[in-house]
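Here come two complexes built around subunit A, the first alongside subunit B, the second alongside subunit C.
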Partner chain A sequence: MIVRPSLQDHRIVATYSGRIIAGFGLLMAIPILTAAVFSEWAHLVRFAIGLLVCLAVGLGLQAAGGRSGGLRKRHALIVVSVSWLLATALGAIPFWLSGHFGSFLDCIFDVMSGLTTTGLYLLQDLDHIPNSLNMWRFVLTFVGGQGIVVLALTFLFRGTSGTFHLYAGEGKEERLLPNVVNTARIIWLVSLVWLVIGTTILVACALALGQEPVRAILHGLWVFMGAFSTGGFAPQSYNTFWYHSLLFEIVCVMIFFAGSLNFALHWLIWRGDRREILRNIETRSFALTLTVLVTVASFGLARSGVYPDQISLFRKVFYQLISGHTTTGFGTVASRALVTQWGPVAMLAIIGAMIIGASSCSTAGGIKGFRMGVITKAFLLNIKGLLGPESAALTMRYHHGRDRLIDDDTARLALMVTVTFLTMHALVTFVGVLNGYPLLEAMFEGVSAASNTGLSCGVISPAMPWVMKLILTGAMWLGRFEFFAAFAFVGWIWSVIIGR
Partner chain B sequence: MSTRIRSPRERDDLTHLGPATRITESISDRGVMLIQGMAAEVGFAALLICVGGVSCMMARWLAQ
Partner chain C sequence: MRLTASIAHFRLRAESARLPARTGVYLCAMALLGLLLVPGVALAAPGSATPPTVSSARLIETPGFWDGKDITFTGEAIGEAMIRGDIAWLHLNDDPYAYRTIPEGSDTEGYNAGLAIVVPAHLAERIGAYGSYRVRGDLVTVSGVFRAADPAHGGDMLIQADALQIVAPGKIITEKVSPRDIRLLWLSAAAALMALFAFWRSRPE
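On to the complex of A and B.
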């Protein structure tokens, strides 16, 4: 028998979701400030409306929920899902009021893309939008990288029981410290230290490229936010290709690679255990798959002779591949060139990189290097078992913070998430093909959305059928949560309808 | 001010110093560790670029 959630359950969800939404709304103070600085008064009013609506909804939900404690795991997963859905809808208000979007669904698509650090967009005339609107895009992607729940845990929750489930529900499972609130603060500390240093270097690069100081500061900040959150949003429609700078590309690679590292790994390295980066299963797995995929893509492109010299071949291949592998989505190749020039071999290599993704408990998406490493080791362990004597007790170790043994539970969970990801990729590709797109292009865009990458081969556009926009928005959401919170939300709705 | 990194035990045991010196020493230690940590992360990314360069070169050679 399915038990219908009680009124008390709904009140708990309302209280916590309301607090997160009110906190999310306060983020609109950043674009409001930007609008004030650049005298974009019409946009200041639009963001103020968005802020007021967020506060009204957030405080209203808290008032409806009252003083309800006892946050349990099932509540936490629903709180995470409800908060993200509400934040997406409410965060789209300033976009919709700006007049730069064809429909409200397009605004929803862009906000979901920002929060999930995907980087695909349907915004029109990106090169001429006001600074405040651009700032909101990058705030969404930067906060989404860390997680809006992690943000709320850092600033709004103090020692509330059950908060770990909120944290885990957002796709991050590792505790950096015993206290989950302190763990959330460490995540923000790492991000803010990188923000200061990374932005400074990018601003210096932009100044060296000849940008005027104010523009250099904005571009430095925005590109950092897009890179470290592995988001892929850029201030210009040509993405990072717009800068035409090798130095800029190298700095971007360093930043989005850092963003794709596990926050626990950052913390260990920063506390002095620098050898961990060479020993960790995630970084080893990443290095191996990146090298193989760079080789495959280089081989395909060298055969077709698109890039005549070694340097330009490596510069293009490595940047797109590591961008895809870290699920960033920055590109230095025009979208359609992937289809018309790169061809199937190189495109499949990028698809492979996007599917695998980077580290768990990072800003990146995809299946994650940890799961790929564990599945590979479990596979090898089984092969050894088949070849060895029957009485032999075989074990295999991997290093992730400390030495651990491969066990059935870890391997099963990794395999389960992997199979679910692959199924989603297949379904999204199928929907693309049903809508008339060629198989490879449908697969590329579908995988890019579901793995929260943001590279595009030109399918994503405002003229895309609304079904595709809806399916890709859902895929971004599912991919970001690694399914659990989203499935729990669907289960919750189902139990409300048919439960007793 | 020393740039030598103290062990965790040494770092926690700065009680023989005055409050201002203690805070400065602590910040200094953590700052050095942070810079070394970030350098390790950037160094690993540079290593990936080098390995990627070699593999790209090999692939091009194979393709020709």
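On to the complex of A and C.
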């Protein structure tokens, strides 16, 4: 029997969601400040409207929730889902008022893309947008990388019971410290330290490349936010192709690779355990799959002879592949050039990289290196079992923070999430094909959205059918949450309708 | 217009070679067929006195065809010129916003589109305005060689230009606060105040 949630359950969800939404709305103070600094008054007013609406909704929900009871697991997953959906809708208000979007659905698409660190966009005339609007795009992607719930836990919650479920519901499960609020604060500490270091280096690079100081500072900050959150938004429509610099590309790769690492790994390295990066199953899995896929793409491009020299070929292939593998979405080739220059072999290699993704408990998306490693080891263990004597008790270890044994539960869960991801990729691809796009291009864009990557081969555009926009927005949301919170939300609505 | 010019050009060549009329018609038909198969092929006919004008969309769709050819490209100068020694990197956008931007009141007409240009640094100094939120940049025409993947610049797709001309100067753009936004601001402020009052009333003692 399905039990219908009680009024008290709804009030608990309203209280916590309201608090997160109010906190999310306060983030608009950053673009408001930017608009004030650059005298962009029309946009200052638009962001003020957005902030006030967020406060109205956030405080209104908390008022409706009143003195609610404790937060339980079933509430936490719903709070995460409701908060993200509301944040997406409300965060789209300044976008819609700006006049740079064809429809409100396009605005929703871009906010979801930012929050899920995907990096695809439908914003039009990007090269003429104000600094405040660009700042909002990067705030969305930077906060989304860490998680809006993690942000709320850092500043708005004080050790409330059930907060771990909020944290886990947003797709991060590892506790860096026993207390989940302190874990959230560590995640922000790591991110902010990287922000200062990474931005400083990028600003220095941008100045050396010939940008004016103010633009160099803004570009340095924004590219850092896009890179570390593995988001893929860039300040200009040319993405990181704008800079035409090997040095800039190397710095970007270092930053988005760091962003794709597990925050637990960051914390271990921070505390002096530098060997962990060489032993961890995620980094080993990443190194192996990246090497294989770069080789495959290089082979494909070398055969087609697009790049006349090996250095150019390796530079282009490595950058696009590691960008895809870390699910960042930065590119140094034009979107359509992936189809017209790169061809099917290289495109399939990028699709493979995007499907696998990077580390769990990071800003990255995809199936994740941990699951790939566990599934591979479980597979090898089964093969060994088939070949060895029947009486032998076989075990296999992997290292993830500490040495662990492969067990059935871990392997089953990893396989379940992997199969769900692959099913989603297939469905999104199918929708693309139904809408008249070639199979490979539909697959590339579908996988890019669902794995929260953001590379594009030119299918995604404001002229895309609204069904595609809606499906891809949903795929970004599902991919970011690895399904659980989203499924819980659907289950909650279902139980409201048919529960007793 | 480009199609008509191309046919006229081909007829002229046929006449100058004293070919029979039927052959001229046949060649025209072939030129039309070629135009359908490979966009822009007729404009790149060998022997053209001036390089053909090609859009970024065509260059990106058929990079192999245009690679190494002399072309002319027109677009709005965007962002800045990044001067590095003797050369400067430019970005020219040839989308509809190069003529009227969204902050100026243009309808949404799709993404920005353009191409990276490498020019001698002294030529870049001619550009007075670069496109941004407050500025519609100078409309610039460059001529040079299209490189689908230039080994000298890390495999980047670009135009190695040796001539640059300002077609139309840039323009300052001002965007005012709209009365609609002021009304929405008052409404949202009222809603936020009411919610704050309700929140304050619902808090425990």
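The rule is short, and it goes like this: the second predicted complex is superposed on the first by the 500 of 500 C-alpha atoms of A that agree within 3 Å, B and C clash if a C-alpha of one lies under 4 Å from a C-alpha of the other, contacts with A are read in each partner's own complex, and residues count from 1 in each chain.
We adopt the following convention: a contact is a pair of C-beta atoms (placed from the backbone, for glycine too) under 8 Å apart; a residue touches a chain by one contact, two chains touch by 3 or more.
Note that the structure is a prediction, hence the values are computed from the model and not measured.
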item	value
Contacts of A:Leu140 with subunit B and subunit C, given as first, second, both or neither	neither
First (subunit B), second (subunit C), both or neither touched by A:Val80	neither
Partner chain in contact with A:Met424 - subunit B first, subunit C second, else both or neither	neither
Partner chain in contact with A:Trp242 - subunit B first, subunit C second, else both or neither	second
Touched partner set for A:Leu151, first subunit B, second subunit C, both or neither	neither
Which superposed partner A:Ala258 touches (first subunit B, second subunit C, both, neither)	first
Touched partner set for A:Leu313, first subunit B, second subunit C, both or neither	both
First (subunit B), second (subunit C), both or neither touched by A:Gln62	second
Of subunit C and subunit B, partner touching more subunit A residues	C
Which superposed partner A:Asn131 touches (first subunit B, second subunit C, both, neither)	second
Intersection of the subunit A residues that touch subunit B with those that touch subunit C	313
For the subunit A and subunit C complex, residues of the former touching the latter	40-42, 45-46, 48-49, 52-53, 55-60, 62-67, 97, 99-102, 124-131, 209-212, 215, 236-238, 241-244, 246, 306-309, 311-313, 315-316, 332-334, 336-337, 340-341, 461-463
Subunit B - residues contacting subunit A, complex	5, 33-34, 36-38, 40-42, 44-49, 51-53, 55-60, 62-64
Residue ranges of subunit C in contact with subunit A within the complex	60-64, 78-84, 88-89, 91, 93, 95, 97, 101-103, 106, 108-114, 116, 131-133, 136, 148-149, 151, 153-157, 173, 175-178, 181-182, 184-185, 188-189, 191-192, 194-196, 198-199, 201-202, 204
Touch list for subunit A against partner subunit B, complex	193-194, 197, 250, 253-254, 257-258, 261, 266, 269-272, 274, 277-278, 283, 287, 290-292, 294-296, 298-299, 302-303, 310, 313-314, 317-318, 321-322
